[in-house]
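Multiple structures are listed underneath, in structure tokens.
Note that subunit A is present in both complexes that follow, paired respectively with subunit B and with subunit C.
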Partner chain A sequence: MNMTTALARLLIFPGLLFAIPAAWFILWVERKAVALMQGRIGPPFMQPFFDFIKLLGKDTPPRDGIGGMLMKAWPLIAVSAAAGAVGLLPVLPSSGGFEGDLILLLALLEVPSMCIIAAGFSSRSIFGEIGSAREAVLSVSYNIVFLLAILSIAASQHTFSLETLAQLPASPLRWLGVLALLVCLPAKLHLNPFSLPNAEQEIYSGPMTEYAGPELAMWELSHGLEWVAATGLVATLAAPHVAFGWLAIFIFVAFSFGIVLLLSVVASATARLAIDTTVRFYWQVTLIFAVLAISSALLVRFRS
Partner chain B sequence: MNILAMLWKNLWGGSRTMLFPARPKVTENYRGLVRFDPALCSGCAVCKMRCTAKAIDFKSGKGEFTWSYDPGQCTFCGRCVDGCKAHALHQESACPPVYTTIGELKVAYTVARKPPAPRPAPPAAAPADAKEQAAPPAAGGTE
Partner chain C sequence: MNLWNKLMCYSRRRSPWLFHMNGGSCNGCDIELIASLTPRYDAEQLGVRLEGSPRHADILCITGPITRNAVGAIKTVYDQVCGPKAVVAIGSCPATTNVFIESRTLDGPLNRHIPVDVFVPGCPPRPDAIILGVAKAAEILAERASKKLPVAPVVMPLIGEGCGGACACSGSGGSCDSASKEVQA
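So, the complex of A and B:
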């Protein structure tokens, strides 16, 4: 991947130019689906875009010192990292990529979460700090499973390149890994039943409590981009590989849409769990599952 | 999996949100706007004292009094209605109307004071001891 293609992927497709509208669309689909399942009307199609524009036009309270600068920096870092993660997705067949881009994608996907933790603590609000502490605990719980699931997929197919993974036919072990990834997505995207860090009605919006205006708009955008990257990652791993450009894009979008709907159903069917239950769920139930996946992946690898 | 069946039903059942002119149906005992009947009011101002939201105001004048009510401040708790011994207040069983200007629904009644009711004749002096002359009949008489 040379500099031009890298920039094109980051800025145009599947990067910012595609990913930002996609992020708004996914946010709308999630909100609308949850609303319909709860017997409400739900937001109009353009609502996430309106929200973004409205927030951009608002003022933020002046904040002095390092704390204020950090509070401005965290959302920007989160957005850039999430956009970078989206840019790495191999939506188009033979679109480049390099050995190890899966690891880079995982690292970039983790950055917004760390920024949220840091933002909550730099805001020095009690709600922000509680939210950040919850996010930190949650992140430690689901990430083990998330990483093990990815590792098991990579180990079973002998590669860390997303492009190669997308082209290889899916093995039963990969499906096990994809399932484990799906279990982690609600926690990664702060959806019910794992919406602890931004628990509304409880700690306001957790780390975002002190944010307003353009900074909050950036957080919303980074959340949307995280949605695109996370659903895109699962769609890449789960969708069948086709050689035609448009068909590939269509399948990718359809799979992402299906994942968003699935997560919305889970979100509206469940209530928020307490932090100890969540941690127990990931450490006791899902971890065993992920360890099984990775150990069988390694076994298969050494026997072949 | 009852919740999934419920979600499925909701998904195809349309939304329950009502668009503006439509109002939800209310039950018979719904506590809506407070209505005042000047003919029954005795002017005791208990309703004003019981109104914690300060929606009811009572001003006493010479030979008359003014009773006013601001639904914008009312919490529809019904304490005034409960406290009205003369049954001059009741609550509508309908949703409060939508209004656009402050104080639009405010109402005020100026009511002439009724001449005090003639005191009932004191009960015939009981020949027995004074212990029997308790307060209840006397208190009833002042009403």
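So, the complex of A and C:
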């Protein structure tokens, strides 16, 4: 992959030019699906765009010192990391990539949640600090399962390259891994059964409590980009591989859309769980399946 | 006005985020505000979102006759809402202190403390009236941000029959009606 294709992937497709409208679209689908599930009509199609523009035009409270600078920096870091993660997705066939880009993608996907933790603590708001503590506990609990699932997929097919993984035919073990990833996604995206960190009305807005205006707009954008990257990762692993460019894009978008619908419906049908129940769910229930997946992947590898 | 300002104006009108604050209300107006977000009225069609933090909000919705305890909190929260912002006084209480008038525990009405843009009369007002008031406030917000002019407070028309004896002030329905007439005058 040379410099030009790398830049094109980061900036055009599946990078920023594609990912930002896709992020707004996904945020709209999420709100619309919840509204339809509740028997409402829901927000108009352009709503996330209007929200974004409006937030850009709002004032921010004056902040000085290192804390203020950090508070301005965290949302920008989160947005750039999430955009980089989207740019790594191998949507177009034979678009390049390198051995180990799966690891880089996982690292970049983890950056926004770390930024959220840091942002809550640097805002010095008590609700922000509670939200950040919850986010930290949540990320410790789901990340073990998330990483084990990715490891089992990579171990069963002998590669850490996303491009190769997307091209290889799916084995039963990979479906187990994809299922484990899907179970982790609501926690990663702060959706309803696991919406502890930004528990609205309960701890105000969690880590985002003190954020206003353009900084909040950046947080919304990074949340949307996280959606695109996370659903895109699952779509890449689950979708059948085709050689035609347009068809590949269509299948990718259709799979992402299906995952978004599934997660939104689950989110609107469930209530928020308490922190101990969430940790117990990931460490006692889901972890068993993840350990089974990775051990069987390793066994298969030794036998072959 | 260039294109960006027009887009900004339009977006402000289409995406009012609310922060709801209780200034000693009987909860009648508060449940009507929540009712305006439910399936029957569905204020989200206008882009309305009830936010948890005043920092995120554009429109501050205040209910209740403003007790002495609430004044400090209301001023703090008003300062925490980032500009451009608008204030909607929901119900007859924040406009006139309603049946609690001349009570020594009150320090109302609301516009003695913070500038109010829209009064929504009623005891409690119907959800449709609240949605109408919020939409009006969003318009005022967009206008104010683009022209930098002070906008006079707007009193919304009374929709429905006021309390109809169903709210907490039943039995004193006469004063409900007189309060809303006072607001309208």
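By definition in this document, the second predicted complex is superposed on the first by the 304 of 304 C-alpha atoms of A that agree within 3 Å, B and C clash if a C-alpha of one lies under 4 Å from a C-alpha of the other, contacts with A are read in each partner's own complex, and residues count from 1 in each chain.
Basically, contacts are C-beta pairs under 8 Å (C-beta built on N, C-alpha and C of every residue); 3 or more make two chains touch, one makes a residue touch a chain.
Quick caveat, the model's predicted, so the values are computed rather than measured.
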Subunit C versus subunit B on the shared subunit A, clash or fit after superposition: clash
First, second, both or neither for A:Glu200, with subunit B first and subunit C second: second
Which of subunit B and subunit C A:Gln38 touches, first, second, both or neither: both
Touching partner for A:Asp51 - first (subunit B), second (subunit C), both, neither: second
First, second, both or neither for A:Val265, with subunit B first and subunit C second: first
Subunit B versus subunit C as contact partner of A:Glu210, first or second or both or neither: second
Subunit B versus subunit C as contact partner of A:Asp64, first or second or both or neither: neither
Partner touching more residues of subunit A, whether subunit B or subunit C: C
Colliding stretch - subunit C into subunit B, listed as 78-86, 96-104 or 132-140: 96-104
Overlapping contact positions on subunit A, where the subunit C interface meets the subunit B interface: 35, 38-42
Residue numbers on subunit B that touch subunit A, as the complex places them: 3-4, 7, 10-11, 13-17
Complex contact set, residues of subunit A against subunit C: 31, 35, 38-44, 46-47, 49-51, 53-54, 56-61, 127, 200-201, 203-205, 208-213, 216
Subunit A residues touching subunit B - in the complex, by the definition given at the top: 35-42, 265, 268-269
Subunit C residues touching subunit A - in the complex, by the definition given at the top: 7-8, 10-12, 14-15, 17, 38-39, 42, 44-45, 47, 51-53, 55-56, 58, 80, 82-84, 145
